[in-house]
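Each in structure tokens, the structures are laid out below.
You will see two complexes here that share chain A, one where it goes with chain B and one where it goes with chain C.
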Partner chain A sequence: MAERPEDLNLPNAVITRIIKEALPDGVNISKEARSAISRAASVFVLYATSCANNFAMKGKRKTLNAGDVLSAMEEMEFQRFVAPLKESLEVYRREQKGKKEARKDKDKKADSEEQDKSREEDNDDDDERMEEEEQNDEEEVDN
Partner chain B sequence: MAAAAAVPGPGPAEAAAPGEEAAGAGPQGPARLARLPLARVKALVKADPDVTLASQEAVFVLARATELFVETIAKDAYVYAQQGKRKTLQRKDLDNAIEAIDEFAFLE
Partner chain C sequence: MAAARLSGTENRLVSLPLSRIRVIMKSSPEVSSINQDALFLTAKATELFVQYLATYSYKHGRGKEKNALTYSDLSHTAEECETFQFLADILPKKILASKYLKMLEKEKQDGEVREDDDEDEEEEDEDKVVGGSVGS
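Right, the complex of A and B next:
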């Protein structure tokens, strides 16, 4: 299951769509060119990650955060990406907040149903729910 | 959908998502949601041995940045296709753009 960085590519269909939307109508792209862009995109991620990680380490943090990625963009001379990225991030944060609150409402309902059970069971369920939330956070990323 | 099915690896939850966002729902322009599947971007991030952890937000911003990068490089390469009076972007247009533009030096 070990994947080498070279093996990790991004879905062709998505890459193609992004390219097509960036170019005027009627413009085509050869398979080789699309493939090369896809590989370049993977390299971009790897390079940006490495750059961002340097900023995290400078800040003595072990977790890469959004700010590190933005700093990496400036470092890589893609400053013009920073403003649109910040906008996207705002939308994303609002989205995530909405999802969390929806989940909490669901949990609250589950709670009131479980209050009928014994206390001990409740504590166990609390722990399970916390783990679940963490997992859900992981899964939410890929939504 | 097809793209998601092709991904070997993590779990059904991670594979399920991209189709929904790729369907074109959500705002267009800079504030749109990511089209690239965050799971794949995350896999690339994890490939770096120096990286311990990355927040969800970091992966998201990376995904969006990559999309902007793809748009940028496609447009820059297209200039060369136009010079060659072609309507099809070819590999050499990309090579030319990479050589000519400083920001793409990391690709050489």
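Right, the complex of A and C next:
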């Protein structure tokens, strides 16, 4: 995938909001500190992806899954993230399930969806991925 | 079912855009595909990471007295804390904060000085670099 270098940055406004929410009220965050944290976050994503990918490779899988990411956190010495991540994942899965059922009711395409899911392990299923992308875009717009 | 309401809840779950996280993950050449759970977890982990890096650096940094989080607090964290050591390359320790601020002032004035130019040398000899690159 050919991406522009700026595509590897995370949105500054969101990063700033996360920092502000984490620090006590009224702490001034310098511009350099913000962009440094933003860069650090991108590097974190790449580092985590690479660690997670090693676990997937060990398991002879092509698709990164939740377990791979959680193992990566332990390996990276971010064990403290594992419990909150598991909690969030449960909530997320419940939401996704609710959404999927809502969609199934709508367009009655339950069967084809299940098939997409099982094929995802072996090949890059573009249709499903497009669908996810669309879904994500909607979520961002809502934000 | 109320799909809009559901996605509203999800925005509270993770605020970083999943599509962007996916692009960054995919930029790693050995990665072939990522399932939705793994993508969500990575986005969420990145948020926790940003919070942790910010609070850790603030608590252990010198900016605390001034009620501020500065770059040197962050590079200090990358240097001192083993967990954050992987950031050392992208958060290089620069020069003394006071000199850095002076440099920023000058940078504003002539708008020409680029940080990149200094990075390699300044660890060796701070005075020289400040003198050499800014021309003071």
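The working rule: the second predicted complex is superposed on the first by the 102 of 143 C-alpha atoms of A that agree within 3 Å, B and C clash if a C-alpha of one lies under 4 Å from a C-alpha of the other, contacts with A are read in each partner's own complex, and residues count from 1 in each chain.
We adopt the following convention: a residue touches a chain if its C-beta (ideal position, glycine included) is under 8 Å from a C-beta of that chain, and two chains touch if they have at least 3 such contacts.
Note that the structure is a prediction, hence the values are computed from the model and not measured.
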| item | value |
| --- | --- |
| Side-by-side fit of chain B and chain C on chain A, or clash | clash |
| Partner chain in contact with A:Ala52 - chain B first, chain C second, else both or neither | both |
| Which superposed partner A:Asn12 touches (first chain B, second chain C, both, neither) | first |
| Partner chain(s) touched by A:Val27 [first = chain B, second = chain C, both, neither] | both |
| First (chain B), second (chain C), both or neither touched by A:Glu90 | first |
| Touching partner for A:Val69 - first (chain B), second (chain C), both, neither | both |
| Partner chain in contact with A:Lys104 - chain B first, chain C second, else both or neither | neither |
| Residues of chain A at both interfaces, chain B in one complex, chain C in the other | 1, 3, 8, 10-11, 14-15, 17-19, 21-23, 26-30, 32-33, 36-37, 40-50, 52-53, 57, 62-66, 68-70, 73, 76-78, 81, 84-85, 88-89, 91-93, 95-96, 137, 139-140, 142-143 |
| For the chain A and chain C complex, residues of the former touching the latter | 1, 3, 7-8, 10-11, 14-15, 17-19, 21-23, 26-30, 32-33, 36-37, 39-50, 52-53, 57, 62-66, 68-70, 73, 76-78, 80-81, 84-85, 88-89, 91-93, 95-96, 98-99, 101-102, 105, 120, 124, 129, 132-133, 136-140, 142-143 |
| Chain A-facing residues of chain C, complex | 1, 3-4, 6-11, 13-21, 23-28, 30-38, 40-42, 44-55, 57-58, 66-71, 73-75, 82-83, 86-87, 90-91 |
| Chain B-facing residues of chain A, complex | 1, 3-5, 8-15, 17-19, 21-23, 26-30, 32-33, 36-37, 40-50, 52-53, 57, 62-66, 68-70, 73, 76-78, 81, 83-85, 87-93, 95-96, 137, 139-143 |
| Contact set on chain B toward chain A in their complex | 2-4, 6-7, 9-11, 13-14, 16-18, 20-22, 27, 30-45, 47-48, 50-62, 64-75, 77-78, 81, 87-91, 93-95, 98, 102-104, 106-107 |
